[in-house]
Amino acid sequence: MSVTKVAAPPQETTRAVGRSVLGTVFKARESGIALALVVLVVFTATQNSRFLSGQSIRDILLGTSILAVLAVGQAIVVITRNIDLSVGSVLGLAAFAVGSLMRDNPGLPVIVALLAGLALGVVCGLLNGALVRFGQVPALVVTLGTLYAFRGVSYLWAGGQQINADKLPASFLQFGTASVLGVPWLVVIAVVVMVVAGVVLRNYPVGRELYAMGSSPQAARLAGIKVGRNTTIAFAVSGALAGLAGVLFAARFGTVDAAAGTGYELNVVAAAVVGGVAVFGGSGSVWGASLGALLLTVIGSALAVLDINQFWQQAIVGGLILLAIGADRLVAVRVAKALKKRDSHV
Amino acid sequence: MFDKAWHRLASWDAAVIVVTVLVVVIASGAVDNFGTGRNFTFLMLDLLPIALVALPMTFIIVTGEIDLSVASTLGLTSAVMGSMWNTGMSIESIIPLCIVLGGVLGALNGFFVTVLKLPSLAVTIGTLALYRGLAFVVLGDNAVADFPRSYTSWVTGTIGVIPNVLVPLLVLALVFGVVLHATPIGRAVFAAGASEQAARFAGVRTGRLKFWLYVVSGAVAGLAGVLWTLRYSSARADNGFGLELAVVAAVLLGGVSIFGGKGTLPGVLAGVVLLATLQNALRLQDVSNEALNVVTGVLLIVSVLLPNIVTRSRAALRRRRKVTS
Amino acid sequence: GTTKDNSGGGTNTGQSNAAADPNAPTKQGVKMAYLPKQLNNPYSDIEVSGGKAALAELKGEYKLVGPNDASASSQVSYINTLIQQQQDVIGIAANDPNAVCPSLNQARSAGIKIVAFDSDAAKDCRDVFINQATTQGIGEGLVKMASDLAGGSGEIAILSATPNATNQNAWIEVAKTTLAKPEYANLKLVKIAYGNDDDQKSFQEAQGLLQSFPNLKVIVAPTTVGIAAAARYVSSSSYKGKIAVTGLGTPNQMRAYVKDGTVKQFALWNPADIGYLAAYAGVALKSGQITGAEGQKFKAGKLGDYTIGANGEIVLGPPTVFDSNNIDKFDF
Amino acid sequence: MGRQEPGRGPLLEVRGVSKSFGAVAAVAGVSFPLYAGEAHAVVGENGAGKSTIVKVLAGVHRPDSGTLVLAGEPVEFGSPAEAKAAGIAVIYQEPTLFPDLSVAENIVMGRHPRRGLGMIDRAAIRAEAERLFARLGVRIDPARPARGLSIADQQIVEIAKALGADARVLVMDEPTAALTVVEVERLFAVARALRDEGAAIMFISHRFEEVTELCQRVTIMRDGRHVSTDPLTDVTVDEMVRRMVGRDLDALFPKQDVEPGAVVLEVDGLSREGVFRDISFSVRAGEIVAFAGLVGSGRSEVVQAVFGVDERDAGVVRVNGRKLRPHSARAAMAAGMALVPEDRRQQGLVMDLSIERNVTLPRSRALSKFGLLVGRGERREALDWTQRLRTKYGRLSDAVGTLSGGNQQKVVLAKWLAMAPKVLIVDEPTRGIDVGTKAEVHRLMSALAAEGVAVLMVSSELPEVLGMADRVLVMREGRIVAEIPRARATEDSVMFAAMGQGAVA
């Protein structure tokens, strides 16, 4: 008894010191990306001042907004220790569906387009969720399958059609570029999505449950969390956001065919991973994922502005993903070591 | 009754083999021009790269990991092959160098996965982008086309209706099959996939095993890159784009569990043949590419869903029987 | 060992030497399949629609197949399928002139005639090539339009299709040599960007060009996808009115931008005529009226008579330049 | 079966509950009552079915038959959420924390305090965690993540979690296994307070001092069956042990006397930061040496480092005088060492593989001809060893996961005995296996020692240690604190060393 009693006081002090160190390490993840972003922007701007012109910033933000909406959805799914590879195909399907809806009904208000995209996305997401939940099929397999299937459906539907800008109502196209108070609509929507998702994940029980599920599925079940229901919700949200992104895509680019969004899934997963969302669930944030999306977009723009051979772009993105997950791992190992040392009773 | 359910599960690959044979037989009867020697040649040539890359992929997925970078490795070796050819190197030295290059690219994956212990899905998504990007860096705008006739015609050539390249494929398939199912390495692969910890406690060096699997996967993808380049006599940075999904789909269709520990090589080969045959036959029936996509996706999901449903309904049945008895 | 220098990369020709009989009767029921670079591309849709119309006139059987991605390897699979289906003629717009070659030669040895259109396959593996215009003509035309729009001096950039695109690369080559001439000494080509014939990518590339080159005056996009995307970007950005967009585009796609002033002039041949001409050439080949040798003549319905040029090339004719005055007269 | 308690009915009653897993009847027709304001101990050997009862109460398992009666009403829990809602809080035997979430959040997961707009009240969460820790007298930063907590701290968080739920019924499955005496005292103080406020407490422990200190009533289980339920004042500890085990202890441990031979295994100065330090000992041929100590004292880590599946920071392991390469299980196996690990489901067996493959896995290299594993060599070997150990199974090609726990343990033993080891390390060799098998395993170990094998045994069961070992090494907090020869090894002397000075008072 005496042994433990004597040992107690120093233990307490070390714990108190550990807290502040830990706090900074935990925030470091997202701030690391932010730092990389700032460095990149500053460097590029010194090479070419036009990089920071109003038009350029607008273009980057517009480009980011679509990817960020998708990345937010992906982050939600990945946090629960799942993955959604079908987002690119859902985006394509929704973009075409909404495009043809608007073409055939030029009078429809934009909000209808947004709702239609969301609804279609929810349906696709629910299908994924149901297969994962009731079929007990791993998310990777399900969404790889629906990646093919949804894309196939949009090809079957669209055939060789392309919906061109001149067929779409002007109000819809304007929505793709117009601004409120100087901020483009697309950016407003992306920010709203990000804030809502971020607040729900951080401040609402259901959000915390998603983290818990990803952190330890068995423990989640024992804690009385409705794992099946929450999984379905996560996929439905990811689907809905992919659908929404489809509408934004159609409005922004004005030209839609069945191939819209092909290969997007890898960019989206990359944005989430680079943004510090752990592939095995349980940690990461939608802010991080959005930052990842912004970083990827800025890299694209910066490489163009710096007049770097565009072929390097993909290679650099790949290298960056490896760097990000590698650094993440090193931080995790450090933290684990620090914690272990602090708590060892030996 | 336990063992029956178990056997049903384990023989999913047997079911795929049966289905494949059925599809081939039905297609030969019902689809015009399917059952000809030349079509067989085309079919084999088309499935060659997928089958080749699927061999090591089977090992990797059985150990519970994944390699999504194979198609990009193929593209990068193809691009490097083109640029080396342009510098005037001899094809005899280019080919082995390309295979070694593939191995090195695989080793990088292996390093990240086994030494840094990063999730293989994330790592190989990263190298998927990296290697494809490097392929464009290497070859850029160019397509190198003037490979020696003797080599390109060997790759597209046949012995009777059997394509020449089927010979190395069959040899490799035999080697991979024997290693997986009848050697200590194969035993270790299954053990590592079903329970990494238990495998380590039984003396299996799981890290080393996985590392070398990635090396082999890269090297085979490199070989596939060489054959691809020679078949189309065209070295391009975008060669084999998107092939990784087809390979993973075929492996999963062949009964390999994405969670590791389960699967057979004959099943995987049947999966490859099934997918390729369906595509070939449906295309001859003028079914559009888009419909093929839907078929592939649905097939993939069903292939994993079905055994799940079977085992679960059997378990439910058993429970009911127990309650009534 | 076998190296580039001793491999004799260029290969012997498979050109058929059978004599042509210009008076042979035109065969009916010729089965011709179109294999464009990629399905679901509006430009190739217009092309093949011309082929469909021509085959209806000729009482042939029309068929359209193709991949969703513009890759050579998927085209090869389709060629193989067409061989199996025993088509009479294949009309192909090759994604890679060499990669499709072995398969095309297999098709030819199975008695199938090959008509390359739009984008040529290697000379020794097709019978004829329908060229939309002479490469020289297009390359020079592009430079002339750019020069007009730039007022004779300043920076211009090219937004092309894929880096491997045969046509575009040939035109760009000509454009570069043209620019080297003294009358264009003040025009400076600052960058060649590639939009991969993907709408979105082209859109972003246009965006990148304007950011990187503040003094840019003209974007020249020798591809219908590229010009539409560039025009759309410029028309919705603050660069509208400052930057001119020109190149090759379809009137329907470009009408809005001509009307709103973003685009002053651009050029194109009628894509439907390419497919139309390809069908007539294919049926003439199958009927034995031509074999693809230089100097042979055949009739091409509403387009009149054509003569085969060097290397089996058949040139459609000079492109039309569209501007706000004439654009409403065209609908394709 | 329990004595009628006049005047008041039980708060929660377990009535005739049975639960089987495949062929294993984990719990068969068990009934006992839990009264409000009373702490109720459930004791029994490993695998007696205690945790299974806990999981039935928690809504994790649905009983095959029998019912739960809560405050006079029969209830059925379809999920842990329902049990929780009914006011049952559970501390599971294995900690079930969310490693990525903060400690505070782990405590409130599933019942977050809210503020405006339904948002989580973070300040309240933190305050609650601090309040609970203060009550338990521990200092853990509520904001730190649960990842990296020591087993003891994890257990404390589990306790805080259960206390915070304000439950009517508090079920604790070996909550004290990893705790030091001080923390146990605090826990008991809190538990008593809850009990006096009218909660019903179910307490599981292998330490009888704790049972007598906290509880008023005890239920004894054996092999999944209910043996008795009595007020603690009516039974002595000896009587409890007799009922638990069901037969004479001595007959269970037929240790043959062997004259020890030369030193086979020699461990010198083995250390691993934060886990164990300066471990030195040796084992002779024919000798059985036991590691005793409290759960979490580092015994398993030591033997895993000796075998080379875990890394070590310092120290040397010699077999027959030859040094072993560190962190290489393969080198250890080549030198003739075998390890039967403590966790057979995770470490001992590859559950999805067949019995045959499991048995021959460590020897697949030796069994191959020209590198190939063809013919009947594997099967013959598997058949031979499973039969020698009297393993019950359908076919050798069945997945090992379908076997009962005891038979699984036999497969693990078969797997390692097949390689004819010179040094056999067994970690908790009889955990979770039935009484009959236990005796067989002991007989086997004894016989191997008699053949000249050096046996090193880790066990948390004192009777097993006392019955089998020639020498007992006691570990506490990562160090060897005592070496006790068979002649002087008693329950008291071993526990005294394991708990440290003054602990056994």
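First chain written, first letter: the chains are A, B, C and D, and each begins at residue 1.
Rule of thumb we're sticking to: a contact is a pair of C-beta atoms (placed from the backbone, for glycine too) under 8 Å apart; a residue touches a chain by one contact, two chains touch by 3 or more.
Chain identities (UniProt): A = Autoinducer 2 import system permease protein LsrC; B = Autoinducer 2 import system permease protein LsrD; D = Rhamnose transport system ATP-binding protein.
Computed from a prediction, not measured in an experiment: that's the story for all the values here.
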In terms of mean CA position, the chain most removed from subunit B is D
On a C-alpha centroid basis, what's the spacing between subunit B and subunit D, in Å?
43
Where the CA atoms of subunit A average out and where those of subunit B average out, how many Å apart are those spots?
30
Distance in whole angstrom between the CA centres of subunit A and subunit C is 39
Multi-chain contacts in subunit A, i.e. residues touching at least two other chains, fall at 155, 258
Can you tell me which residues of subunit B touch two or more of the remaining chains?
140, 289-290
Which pairs of chains touch each other?
A-B, A-C, A-D, B-C, B-D
What residues on subunit B touch subunit C, complex-wise?
32-34, 36, 38-39, 42, 45-46, 85-86, 88-93, 140-143, 145-153, 156, 228, 231-234, 236, 238-242, 280, 283-284, 286, 289-290
Interface residues, subunit B side, partner subunit D - complex:
2-3, 6, 178, 182-184, 186-188, 190-191, 194-195, 197-205, 261-262, 322
Across the complex, what residues on subunit C touch subunit A?
39-42, 45, 68, 191, 193-194, 198-200, 203-205, 207-212, 214, 228-229, 232, 236-239, 252-253, 255-256
Please output the residues of subunit A touching subunit C within their complex, sorted ascending.
48, 50-51, 53-56, 59, 63, 155, 158-162, 164-166, 173, 176-177, 249, 253-255, 257-260, 300-301, 304-305, 307, 310
Can you list the residues on subunit A that touch subunit B in the complex?
83, 131, 135-138, 140-142, 144-153, 155-156, 258, 266, 269-270, 273, 279-280, 309, 311-319, 321-322, 325-326, 329
